[in-house]
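Here the chain labels run A, B, C, D, E and F in written order, and each chain numbers its own residues starting at 1.
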Amino acid sequence: MSDSPLTHFDSAGQAHMVDVGAKAESSRLARAAGSISMQAETLALIRDGSAKKGDVLGVARIAAIQAAKRTGELIPLCHPIALTRVSVEFTIDADAPVVHCEVTAECSGRTGVEMEALTAATVGLLTIYDMCKAVDRGMRIDNVRLLEKMGGKSGHWQAP
Amino acid sequence: MSDSPLTHFDSAGQAHMVDVGAKAESSRLARAAGSISMQAETLALIRDGSAKKGDVLGVARIAAIQAAKRTGELIPLCHPIALTRVSVEFTIDADAPVVHCEVTAECSGRTGVEMEALTAATVGLLTIYDMCKAVDRGMRIDNVRLLEKMGGKSGHWQAP
Amino acid sequence: MSDSPLTHFDSAGQAHMVDVGAKAESSRLARAAGSISMQAETLALIRDGSAKKGDVLGVARIAAIQAAKRTGELIPLCHPIALTRVSVEFTIDADAPVVHCEVTAECSGRTGVEMEALTAATVGLLTIYDMCKAVDRGMRIDNVRLLEKMGGKSGHWQAP
Amino acid sequence: MSDSPLTHFDSAGQAHMVDVGAKAESSRLARAAGSISMQAETLALIRDGSAKKGDVLGVARIAAIQAAKRTGELIPLCHPIALTRVSVEFTIDADAPVVHCEVTAECSGRTGVEMEALTAATVGLLTIYDMCKAVDRGMRIDNVRLLEKMGGKSGHWQAP
Amino acid sequence: MSDSPLTHFDSAGQAHMVDVGAKAESSRLARAAGSISMQAETLALIRDGSAKKGDVLGVARIAAIQAAKRTGELIPLCHPIALTRVSVEFTIDADAPVVHCEVTAECSGRTGVEMEALTAATVGLLTIYDMCKAVDRGMRIDNVRLLEKMGGKSGHWQAP
Amino acid sequence: MSDSPLTHFDSAGQAHMVDVGAKAESSRLARAAGSISMQAETLALIRDGSAKKGDVLGVARIAAIQAAKRTGELIPLCHPIALTRVSVEFTIDADAPVVHCEVTAECSGRTGVEMEALTAATVGLLTIYDMCKAVDRGMRIDNVRLLEKMGGKSGHWQAP
């Protein structure tokens, strides 16, 4: 369908939303992750907040889930997808100091959900930035990547 | 209004959209950046594409600009902001191999545009991932951070 | 999957979008209703308007239908759903004086459409408030509830 | 501009977005409220969840704040508004048993923020319904109303 | 800022959201129009419907107003704009047979509202197509154009 | 289900989202087209831009694809549809001078994708207007129409 190995372009080099109509519906899953590094004091505020006053991670989790549902609006050539599951896990590494975010997305459809998982992870991390930027403008998001992908013709893929 | 240094929570630890009504309107600017690393072959496809067939960075630039406008929908406690400028710069570092993205956002308003610049940069990089994932699933987004911020009561800030 | 009877939380108490991937697709229907009470003069304007000048209920009906389609964006843990039908019925009770709204939503999918019907009914009623607030700020929305639900594993449910 | 006391219609009875260009910008505030009644066991789950596992009200608060920002998309004839503050307060009345929701919205603009406050309250209550419907389908939303309104030519209004 | 006469590109030919921060806020108005031609029988249905059963133009008017508010999401390089007025006029020309649509949009801002008026007119006409396509697939939209533009540095412009 | 030949109204003349739950899923395709006429100098800028500096058609293509995904939000009574393909073709006719736009949309579903193709074509053309309006305010969009439709009970239809 395309001379380019980049399937989002047709043979004339023009962007299109790739035809997935002939693909079979199958169960698809993707896991993505990323991290945000910060000052130790900022991390302490996040950890304390989760306990009682100011649940940064609770808000970021909702933002991540909602962003997953809007991936098709944000990423121009993504197909709209009816997600059947999104879960978001935050882990605090006080030594780094870093908050890790891991997202699992699933659907039963004709195309994968990698972008949904990656978008959710990123927006979750951006929301942490937003909520803590008053005390720490130098936070940094790193290591946003796909961990695993299942379903579809290309089968199972795991990050090395 | 808040005992927590995290201003997005009130004194009872409940999330709110902070009152900025008393702040003066001023010119505000934010610059944010991030990178996506990939295989050398993938980077070559992006570079060639920009020349003629399959303009990955052109699509990613539009995605970034449009995402800046929707930041208030994605980040739960962000104020809606009438942006007056968004520009997106991609730089190719063939040795790394990496694509860098830098976004400048501006508004004339009561609150800063850091999140708009960061959201635009991130969605620009995610769009590159989307368009190249068929050939390189292991791409990774790193170093998403604020570079500079001007305007408002807190004045000029630059990343160290 | 959850120790809590509230299925929107996992066993650690964290919000997630519940996994419905294993559920069978089935025909699902929900009916929801609500009312808005107002001054007799306001109700008279609505009734007259429907006849000729200023069709309040016509506008509210469109708002309700469009809101049903956006339920997944508004309610954080709702799944995106491809609705196959939405209908909105307004009934005027001049004695109360009250406008009743009843919405029927249907889909063929893995999860119910209760939230779609409830969201549509509520936005329909809010639109009536908006259009009449210049003459009657004291209008009140009441009795927003699910009337009936069909399809899915839990089967038929009717409000007592 | 309109013979009808309903300002959202022109003299021909056609809906329009009213011209507010000539109005002065002023500080505007609106407070709205509503309630959701439920079984005592459901209320107990909500109360316990807020403490530790499954923060229903935390999720509903975020949904309410985000909905306030999208009022102009949901209510057809509303003007787009740059909110400067949204806060959401939930109060548990274990005897009723009921959860009350009160929202305060503010902007500095040419038109009021009543619809923003009412929309936020309603979506907050709908989100509680969504999160608890697995255990209690008979919950009911009542008493959604404007409590107070300040700013603009019509000045201060309080619910009687 | 740009060597190209097309201001949406910078000197390197890259799309950007043009900087309007230095422009003064002024009252701006735009009028746009367009038409949809159809079979005489289709037009008769629309005209009869407006009277009593099936108000095609009432629905299309709401769609047009709502689309005006979302122009910034649809047109990639448009600035987000706080519209202060949108009105939509349909005129039936039974002889052609054609429905004309004329939209007036206004704001007080730093950039014009031509795209808002044009987008509203187009979506209004598309909605007429949608509602009548079951009886007349050959309808055609023509003559979508700017009629007039006021405000801003470029001043008053009228279609010749 | 409706006495009116306009299926978007029920027998009482009230707008509804038509019930398509009983329709079978089938492969559906629609092709739509439209044109924008302009001054010869404007067309020259577009053609030159595509080569190197300022890719008007590249931006318009992305806008068209993204608009196709949002048709259900723009056209009030459209069903939400999971598109499986969108492609957008621009053709330059230097003699007219005119840019033609043709869109093909596909899905596997219960209802057709005519509105998706028409909406994409229109937003693509509006984006060209936006990007060139600084040099040519008199551009005009014409001849927006359905070319072809396949799938569903009504079968194959082609514009005469």
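Rule of thumb we're sticking to: contacts are C-beta pairs under 8 Å (C-beta built on N, C-alpha and C of every residue); 3 or more make two chains touch, one makes a residue touch a chain.
If you're wondering where the values come from, they're calculated on a predicted model, not measured in any experiment.
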Chain D to chain E, fewest steps along touching chains: 1
Chain at maximum distance from chain A, centres defined as averaged CA atoms: E
Reference interface D-E: repeating pair among B-F, C-F or A-B with over half of contacts shared: C-F
Distance from the mean Cα position of chain F to that of chain D, given in whole angstrom: 36
Gap in Å, rounded to a whole number, between the CA centres of chain C and chain A: 31
Residues of chain E whose C-beta touches two or more other chains: 15, 55, 58-59, 62-63, 66, 70, 73, 76-77, 81-82
Pairwise touch network: line, ring, star, complete, or other: other
Pairs of chains in contact (touch as defined earlier), listed by label: A-B, A-C, A-D, A-F, B-D, B-E, B-F, C-D, C-E, C-F, D-E, E-F
Residues on chain F engaged by chain C in the complex (per definition of touch): 10, 14-21, 72-73, 76-77, 79-82, 109-110
Contact set on chain F toward chain B in their complex: 55, 58-59, 62-63, 66
Chain D partner contacts - residues on chain E that touch it in the complex: 27, 58, 61-62, 65-66, 68-70, 81-89, 106-108
Of all residues in chain F, those that touch chain E in their complex: 3-9, 12-13, 15, 34, 45, 49, 52-56, 59, 62-63, 66-67, 70, 73-78, 114-115, 118-119, 122-123, 126-127, 129-135, 137-146, 149, 157, 159-160
